[in-house]
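Down below are the structures I want you to see.
Paired with subunit B in one complex and with subunit C in the other, subunit A is shared by the two complexes that follow.
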Partner chain A sequence: MFKEIIFKEDAINKPEKGRLPTSIAVLCGVTILALCTLLVGALISTQRHSEGLQQVVSSMLNKSGVENPVTAVLLNFRSYDTLLEIAVLLIVAIVMLPQATVSKSLSLIRVQQSADPGLIMSSLLRFLAPTLIIMGGYMLWTGAYSPGGAFQAGALIAGAGILIFTNVQYQVNMQSFAFRALLSIGLCIFILSGFAVALQTGQFLEYPQKYASAIILFIETAATVSIATTLLLLYLAVAGTQEEFNHDA
Partner chain B sequence: MDNIAALLPALIMLPLAVSVCCVLIKNSRVCAAISIISAAALLILSAGTLLAINTYEAGVLRYAFAGWSQPLGIELQVSGFTALMTALTCLLVFVLSIYSSVYFSSSDKAIRFWPLWWLLIAGLNALFLSSDIFNIYVAFELIGLAAVALIAIENSRAALIAALRYLLVSLLGSLCYLLAVALLYREYGTLDLVQLASMTSDSASSTAALMLITIGLCLKTALFPLHFWLPAAHGGASAPVSAVLSALVVKGSFYLIARFWLDILAPAASDAGLIILGVFGAAAILWGSAQALFASRLKVMVAYSTVAQIGYLFLLFPLMVGNTQTNAFEGAAMGAITYLIVAHATAKSAMFLAAGNIMRIAGHDNIKQLKGLVRHCPLSIFTFGIAGASLIGLPPSAGFIAKWLLLSNSINTGQWWWVIVILSGGLLAAAYVFKFLNLAFTKDDDTFTKADIVRKISPIMPLCALALALLTVVLGFNAQWLLDISGTLVYETTGQGFTVQNLAGVAQ
Partner chain C sequence: MMLSQLTPEIMYSASGIALFGIGLLGLIIVPHIFRKILAINVMGVGIFMLLVSSAKRANIDADPVPHAMVLTGIVVAVAGTALALFLVKKINDLAPSEKSQ
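And now, the complex of A and B:
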């Protein structure tokens, strides 16, 4: 199912298969085992810090705008970390975007009415895809109170996306501006909201307490869109029923 | 003066914003224009921070993201040293952005290059400014992935293999570091660097954390014998990427090793460990220089020279044995290393740009086939010569001052054996630099003639390289200024006859 990258050089002479000699493999195993034993020993011999930061987090939770401590840490207390993580996702997206500039069309999605997806595919599409998207939305919303949030919601929606676009009827145009906009909207909105709230409160990313939950939901929604699009891109770029692109220099 | 502190997040957010713009715009000319303007803005901002930092009593600026101070939130912290590193980053980024705008002007790689370039810069600034060990991990992820992607846009088989190997090494390093972060959080219940530094003890868990950090970050810094990935990665990337990888990316992880050994986990660090790091550094100097001497490709030679120069950085550790300073980022040895970092960053990026120019003109960088090259690209060879002089440690370059400081430090601390290593490293560097220059200046039986020129390059490219090379000379004349501004040199503790005054005398 997944495409294999074949270099021009490999087609001529098969690359040699690298394998460690058994003696070196055993030596590596023993070294790693010894290091792990030392590590476990160090862990046992050292006292654990009494409570960590749990107490601080729970005492500040009512000021964070959400009730779920994980979301509070990710989107409020340590929102800067999450912002950088979204930037890491953008790197992945940039790398995986296919290079070929074959299609210059601006539309995000192309529909081929003539293609026949088959009974199983079309019924899956009809029932499963909307369910997945709704569940994704629920995950996003529920993140404020219980486990859930942008990453989980993004994964669900990406699943729906994969279902839709592995279907021959629909094709996503990865060269379009809209697709790149979807990929970067998470980071874009995060930075802009951080800046906008700074105008009000003075510190970057410091939400006014009254609007904290709304702002968190807003940022998370944008992040969900980017995460879902990036995951979809990863799948389509590797499994590629979409556009062909070559890896030759 | 508080407004400078309020602008600190801009050093990270502006590159990220530029990167988003470059993803959306997809027009390489517009991207280049935005990039050069933003790089200029960043340069002004970082220079302002550097100049402002010395006017503060404490010598540090802090900024709490989202208004949550440590230990709950993440804070940025700038000291003289990190402000200097950020300013160095922004300065190189400015010159390299101008160079890249020409280098990638006729290539569709530009569309990928610009967003990745700015994400890398955001990561570098985030790393230098961060005061939170987990946030530093995230910054490493940003740097590591962006660096790998920047190598991979070269799209040749060799570059892709180098990029993949670099990715695996960098991930292994990050995971070791992450495990250490978990150990430290478990033991001390905080992630903030300053808080940690005041709490750490020499418990077994802290020692284990220090070992993991050292292994992980030495992989990323490419300290001998963990340098195996570096020559292919730095030698295979495009010129501006090689320059930034050698000049800045490896320095980021080195900075953290120094920070952990000398400051945060100092109670867990033993003198034997410091000396072992120094021994590996010495081995790196000799091995890297020797490999550079035997390299058949110009860029691989420059990359091996980076392996050697990283070795010099690790001589810091044995020189800090018995250091009584409370703030480990002060002291004569740290001053020397600060100088070395700046000197190497400017010289090495100049050298990689010169090598990139030569590669553009000749279409290859096979040293043996470049005889008589000087007639066809005199400016690039000249740049290579100046940068080489700085790497060797010839006056009046910045490299000379750095080595002078290192030498006098080794003698002052009674560790004369490092002197032998430093001097023989300099001799080997002279050998490989002159080996190439000698070939380039050969008059008879040229292997490189006018017919071999693949294409002409814009004059901006050699001029950017020359600007960086001249910078090393300028820094050589302004030793005292640089040491003052980084706040690393403490006048009272300089010991027998080692004063800034006689240093400045040497420089002139």
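And now, the complex of A and C:
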């Protein structure tokens, strides 16, 4: 299905109609080359007059609850950014959900015992999927000390999910209540934690210093679940073959 | 341009600008919509690269704030790309008359 979009050029727009004349294309190329040269020249000639925020961040790092400065910026100093990022992911997920109705009776995952995924797929599934999920958990934990964190962990777990659910044996039911709950739990926990710490400190998303480490880990865990589910949904909605599930379920 | 000015940071930044230019050119001259989405992604990657490489200043550790912004930006770019591909797929499904011509 996806191959058709890539190769069937005339379905989206006709190349011979949409293509620019060569002279205009060359003109565009020359203009962009000039623009890039100008930008590189500006980059080289400009003196850096700002010290940046590195010293501010490192001086506040011991109050943030984590040791990795990037995680401290993401989840503590500029946590609004991360909150809105997860909100953007949820909005995209809502747009791409295949069907609007929720059915509470349906289970999250359906297993077809009769389907044979093949030797290669089943052994990949047996060894790679649990490894990916464990690596995701490690990534989440290590984000406090070194590069890593919720998005990296979510991407790894989504990889495991893609491996599992592009298989014929397992199918995920996007109509189920559980799937929607997994999609939205990250944003819900984030906002609720933001208000809960506001009771203590008076500011939305300003963590009390004593519990900052635990709150960041809690929010990141919930965010990881949501990010993994959202990325899985994005993949399946664009490239997946899940549609038959919703019809005969 | 003095050759001594050509530090790795400058080279990374210049590569980011070059990627941006390649993406912009692709966005303008390539007619197919799928490749336009790819071109926008190349542009975005160029800007991320410029931002990350300008976070490193001489002799001190890299500034974590641009790194965090790029990390957020990557997630939003992934979501935007997926949405664009989804819309392309919908347009493709809804345009059967184009196939018969």
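The definition used in the following text is that the second predicted complex is superposed on the first by the 220 of 249 C-alpha atoms of A that agree within 3 Å, B and C clash if a C-alpha of one lies under 4 Å from a C-alpha of the other, contacts with A are read in each partner's own complex, and residues count from 1 in each chain.
Quick note on the criterion: contacts are C-beta pairs under 8 Å (C-beta built on N, C-alpha and C of every residue); 3 or more make two chains touch, one makes a residue touch a chain.
Keep in mind that this is a model prediction, so the values were computed, not measured.
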Partner chain(s) touched by A:Arg78 [first = subunit B, second = subunit C, both, neither]: both
Contacts of A:Val88 with subunit B and subunit C, given as first, second, both or neither: both
Which superposed partner A:Met60 touches (first subunit B, second subunit C, both, neither): first
Touching partner for A:Leu217 - first (subunit B), second (subunit C), both, neither: neither
Which of subunit B and subunit C A:Gly194 touches, first, second, both or neither: first
Partner chain in contact with A:Leu205 - subunit B first, subunit C second, else both or neither: first
Touched partner set for A:Ile162, first subunit B, second subunit C, both or neither: neither
Which of subunit B and subunit C A:Phe151 touches, first, second, both or neither: second
Which superposed partner A:Leu132 touches (first subunit B, second subunit C, both, neither): neither
Intersection of subunit A interface sets (partners subunit B, subunit C): 9, 39, 43, 48, 52-53, 57, 77-78, 81, 85, 88, 92, 95
List of subunit A residues in touch with subunit B within their complex: 7, 9, 38-39, 41-43, 45-53, 56-57, 60, 76-81, 83-85, 87-88, 90-92, 94-95, 97, 99, 101, 177, 180-181, 183-184, 187-188, 191, 194-195, 201-207, 247, 249
Residue ranges of subunit A in contact with subunit C within the complex: 1-2, 4-6, 8-15, 17-20, 25, 28-29, 32-33, 35-36, 39-40, 43-44, 48, 52-55, 57-58, 69-70, 72-74, 77-78, 81-82, 85, 88-89, 92, 95-96, 149, 151, 227, 230-231, 234-235, 237-238
Parts of subunit C lying in touch with subunit A, wherever the complex brings them together: 1, 5, 10, 13-14, 17-18, 20-21, 24-25, 28-29, 31-34, 55, 57, 60-65, 67-69, 71-72, 74-76, 78-80, 82-83, 85-86, 88-89, 91-92, 95, 98-99, 101
List of subunit B residues in touch with subunit A within their complex: 6, 9, 13, 16-17, 19-20, 23-24, 26, 63-68, 71-74, 108, 112, 115-116, 119, 122-123, 126, 134-135, 138-139, 141-142, 145-146, 149, 152, 155-157, 183, 185-190, 203-208
